[in-house]
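A, B, C and D are the chain letters, set down in written order, and residue numbers restart from 1 in every chain.
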Amino acid sequence: MNPTSSPTQAAIAMMARLVTIKSVAPHHFQLSLLAPAMASRALAGQFVHVLPRAADTSDPFLRRAFSIMAMRGEEIDILFRVEGRGTRQLSLLRAGDNVDVIGPLGRPFDVSPFHVKQPPLPLLVGGGVGVPPLLCLAGALRARQITPLALIGARTSNEVLGATELASMDVRTRLATDDGSVGHHGRVTDLLEHTLHELPPEASAVVYACGPYPMLRAVAQIAARHRTLCQVSLEENMPCGIGVCNGCVVAMKQEQNKDDYGRYRRICLEGPALWAHEIEWGER
Amino acid sequence: MADLVTQIGPLRLQNPVLTASGTFGYSDEMAPWLDLTRLGALVCKTVTRAPRAGNAPPRTCETSSGMLNAIGLQNVGLEAFRRDKLPFLRDCGAPLIVNVAGETVEDFAFLCRALSEEDGIAGIELNISCPNVAHGLDFATDPHLTEDVVAHARRATTLPLFAKLSPNVSDITLIARAAQNGGADALCVANTFVGLAVDVRSRRPRLSNVTGGLSGPAIKPLALRAVWKCAGTVSIPIIGVGGIVTAHDALEFLIAGATAVQVGTATFAQPRAVLTVIEGIDAYLNENGFRSVTDVVGSLKLD
Amino acid sequence: MADLVTQIGPLRLQNPVLTASGTFGYSDEMAPWLDLTRLGALVCKTVTRAPRAGNAPPRTCETSSGMLNAIGLQNVGLEAFRRDKLPFLRDCGAPLIVNVAGETVEDFAFLCRALSEEDGIAGIELNISCPNVAHGLDFATDPHLTEDVVAHARRATTLPLFAKLSPNVSDITLIARAAQNGGADALCVANTFVGLAVDVRSRRPRLSNVTGGLSGPAIKPLALRAVWKCAGTVSIPIIGVGGIVTAHDALEFLIAGATAVQVGTATFAQPRAVLTVIEGIDAYLNENGFRSVTDVVGSLKLD
Amino acid sequence: MNPTSSPTQAAIAMMARLVTIKSVAPHHFQLSLLAPAMASRALAGQFVHVLPRAADTSDPFLRRAFSIMAMRGEEIDILFRVEGRGTRQLSLLRAGDNVDVIGPLGRPFDVSPFHVKQPPLPLLVGGGVGVPPLLCLAGALRARQITPLALIGARTSNEVLGATELASMDVRTRLATDDGSVGHHGRVTDLLEHTLHELPPEASAVVYACGPYPMLRAVAQIAARHRTLCQVSLEENMPCGIGVCNGCVVAMKQEQNKDDYGRYRRICLEGPALWAHEIEWGER
């Protein structure tokens, strides 16, 4: 397929050559894709939608969404954990293979809070495979001379993602693991609570979080309690990724809704990053 | 270049490939992805009288070669549709078929009357077969109700009128005949098949709505058989839909008796799927020496 | 080791996993591939009164995540079955369910009476839902005929009696209730879905019989929904069948309310599929702290 | 899966390592599989059934049948043409991959005509991808000091299969191509007609043929006309390959049938090679 450009979303569909694939942790793979048009226009918080099968087979039929972890020259990087059959198929790809990919999709992180003289402190809170988009955001902030603080959670030490990348960007990083094998023994949300608590009264922060739903809900609660702006990057099953199926919705608080129709927002188009206080958090 | 012009009752289209309702948004989302003027026609997401929030998430899940959806007809409602969506839709360059749904016969008639007042609408598709809302399937599983709702819609509009049938029935030809008797100009065969998926870890349904409609390649043989049955029963044109991904898939439907086809779930995997289908049909016709697409419609050889 | 013992009406099985009729031959072909004594039960290919040659080839074709078949009940007929097949079947180490089909109510009763005279038969499954023979679907699409044929079979045998239903109906719960009223001990839900595939090169159907029955993973969500509907309607046990490949697939059916399951098309891809399913169910029960498989049956959480 | 043995058929199911894969003609691939148990027990005319997908995907769901072309030590070779999505998937395999394969399946060629003092001349007639099982048969005959004559047909010169292998076995080979680019300009059946015609009156021959259905039907007719025994290896869609689905049947002549039930024979179990005069040839 020829690259086809989408003026409004600046998204394209293309066959991207897989430049490298490597296992960065048990069951975690990092892919670099040669996709110049995507690499040049992507922004932190956006994602790509990848076809996990050969064109003439039909299972698994739908694409899989992955946050853009980095744009490097003509390449983009993604990092994923093998969850099911789609990610397993992708983990079997080899350098030189062609990958059917659409992107960049979704709205970038809203970084308007930094368009001020005294920018607030960006707190990047990532759990598990929620880390990749935050690495991209860290890079974007560093390019603007803003230094975020990263709080990274994982199940165990060898599943901690992004520590090297953050270090190479000179981003201070605190770690938490469920088993205490490295960093704080406990939740990444403990680190957030602690950090916001310690924040000098005159300082302000903005939280950017990505990770499992229960973690994000907890992050949202903590941020609200500390009256701190918080943006979360959400996941939902995404059949199309381009806003046409209405499948990937999350419920928004009543006050956000102009009418009943607006109760749900498509995270592929109006997200994946949304302001946490606008979301109607549920059980999941 | 073979002649792709297709006549669906009173409606003349440049080719027989339409988009399926609910899989192409209101077209503004798709405009960046393809040249909409190349479509046979564009069928937009179902419109109801009042706005509908739709079902709680999760609304979709993947299954083998397909997916279940229970969107629940989320839509802006008639008024906002006329105000916010129609202006773009009517100017997008493709003939516009508005898909409508209601809970009562009067709802359907009301929607047809209201849309008939608007310019730039090429036709109306009656969604009497949505499996994901209360009573959504009542109409299309009962010949009497089908005939009644189509007849009321027919009296409410002079626009070309399609009835979209459900495959979840014992004998779809009874419903097809009823829709024809009610005055439909064409039949859309078919909507999704009702299915269920269970997450064995949580022992919960994968969809908040419990059940959903199955679409995608998995259902192609079933939809194709429904089209073939209907084409052998009624004299009005059939629009085949269900699992079409490639031009070959579309040709199976045309050969089995469909006058036109719709492409649905395939668009999710390939935003430009509908164009690939159009191009492939053209290529097939040329390679096989057909001057017009109408020559393959219903050309299935049975001996 | 969790307790896998399963009670299907009067029939006690060591586990809830059976083979599906027509996908396991008469077991002699499968004996080299797996230890038949480990099966919950073995359901053999449909037996009819007279031998049947079956349909002309091609009898099968592949579709997305599934296949169509129109074997046409090729079988040796009752007499040769008793003479040539039963001796091996009854000694193969698995409880034997004989699947039977007829064209009339009297055929079914005759077959049930004849088989009741034989030793070593654990139960009879009434195939009232074969889509690939003339009138094959007549019974299971009509509640009255269903009740009638089951009632006649019931009077003809005291063996455990399953009725195998068709999913090609508007409301399977009506048929399920009819089969229960007729006296079935359990329902097998369900047989294949009628489908069509066309070869666009020759413009002919891919099957000599034109249509065939769709089976395999493609239909799993549809069969699962049928099972869930039936389980909510009748009080007799349901045997779930349709697209089961893995233990997780089987567990979806058990959780949705099936007391047991059958593995069909999966055996073609993996001759030992049925054993993998048994082992995986055991592992799941152990991992999730269930002492008995009966604890998961119908455990679907709806809130 | 552990190799599981089938005493009656001597067939096993296993994951075989792909030793080599090479393109031997446009769209034609030859695979060598490490499958000691199969290599040691396979006989000419048998086939293997190969899963053309990853275990956790479901399309294409069914296995694909390929004749065994050669047994070499612990390896077996197959050779196929890319027809559809199953063979396309298999053509993308790489050395080192594991292939889920069942075999050897089916009945071997019936070589009882050679169990005599003055064995007849074996005529091997292959068209297109019908050649591989005949190479296996040629090897088996040569091992018994019997020298067959091979007649090979193809569409064009670079699709002629097996010529090298036959030459290395010292088997005389005549070629025919549809476009005349090598050998006889015409059908391989012309070669057969000619060869049988030329046969000295005192000599007898047995024909073994594999190829497209119309070719096999023509071969059967020619052999019948020359009162020559003829065995053909047939193809049919094969869901199971092990005799349980009754899908892969061919109609047999009425005199072959003990009863109505016996009109059709399963070629996966009772074939793929059958005596041509017993078959009820049809249109196809």
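Definition applied: contacts are C-beta pairs under 8 Å (C-beta built on N, C-alpha and C of every residue); 3 or more make two chains touch, one makes a residue touch a chain.
On a predicted model such as this, the values are computed, not experimentally measured, just so you know.
Undergrad: By that same contact rule, can you tell me which chains touch subunit A and subunit B alike?
TA: Correct list: C, D.
Undergrad: Comparing centres built from CA atoms, which chain ends up most distant from subunit D?
TA: Farthest chain from subunit D, going by C-alpha centroids: A.
Undergrad: Return the distance between the CA-based centres of subunit A and subunit C, expressed in whole Å.
TA: Roughly 46 Å separates the two chain centres.
Undergrad: So what's the Cα centroid distance for subunit A and subunit D, whole Å?
TA: 54
Undergrad: What's the distance between the Cα centroids of subunit B and subunit C, rounded to whole Å?
TA: Distance between chain centres: 34 Å.
Undergrad: At least two partner chains per residue is the criterion; list those residues in subunit D.
TA: Residues 58-60 of subunit D each touch two or more of the other chains.
Undergrad: What residues in subunit C touch two or more of the other chains?
TA: In subunit C, residues 64-66, 216-218 touch at least two other chains, as defined above.
Undergrad: Taking chains as nodes and touches as edges, what kind of graph is this: line, ring, star, complete or other?
TA: Contact pattern: complete, every chain touching every other.
Undergrad: Any idea which subunit D residues touch subunit C in the complex?
TA: 1, 4-9, 11, 13, 51, 58-63, 102, 236-237, 239-251, 259-261, 263-264, 269
Undergrad: List the residues on subunit C that touch subunit A in their complex, please.
TA: 64-65, 217
Undergrad: Using the touch definition from the top, list the residues of subunit D that touch subunit A in their complex.
TA: 53-54, 56-60, 84-85, 88-89, 92, 94
Undergrad: Can you tell me which positions in subunit C touch subunit B when the two form their complex?
TA: Residues 63-66, 68, 141, 168-171, 193-198, 200, 202-205, 210-211, 214, 216-222, 224-225, 228, 243, 248, 251-252, 255-256, 284, 296, 299-302 of subunit C touch subunit B in their complex.
Undergrad: Looking at the complex, which residues from subunit D come into contact with subunit B?
TA: 58-59
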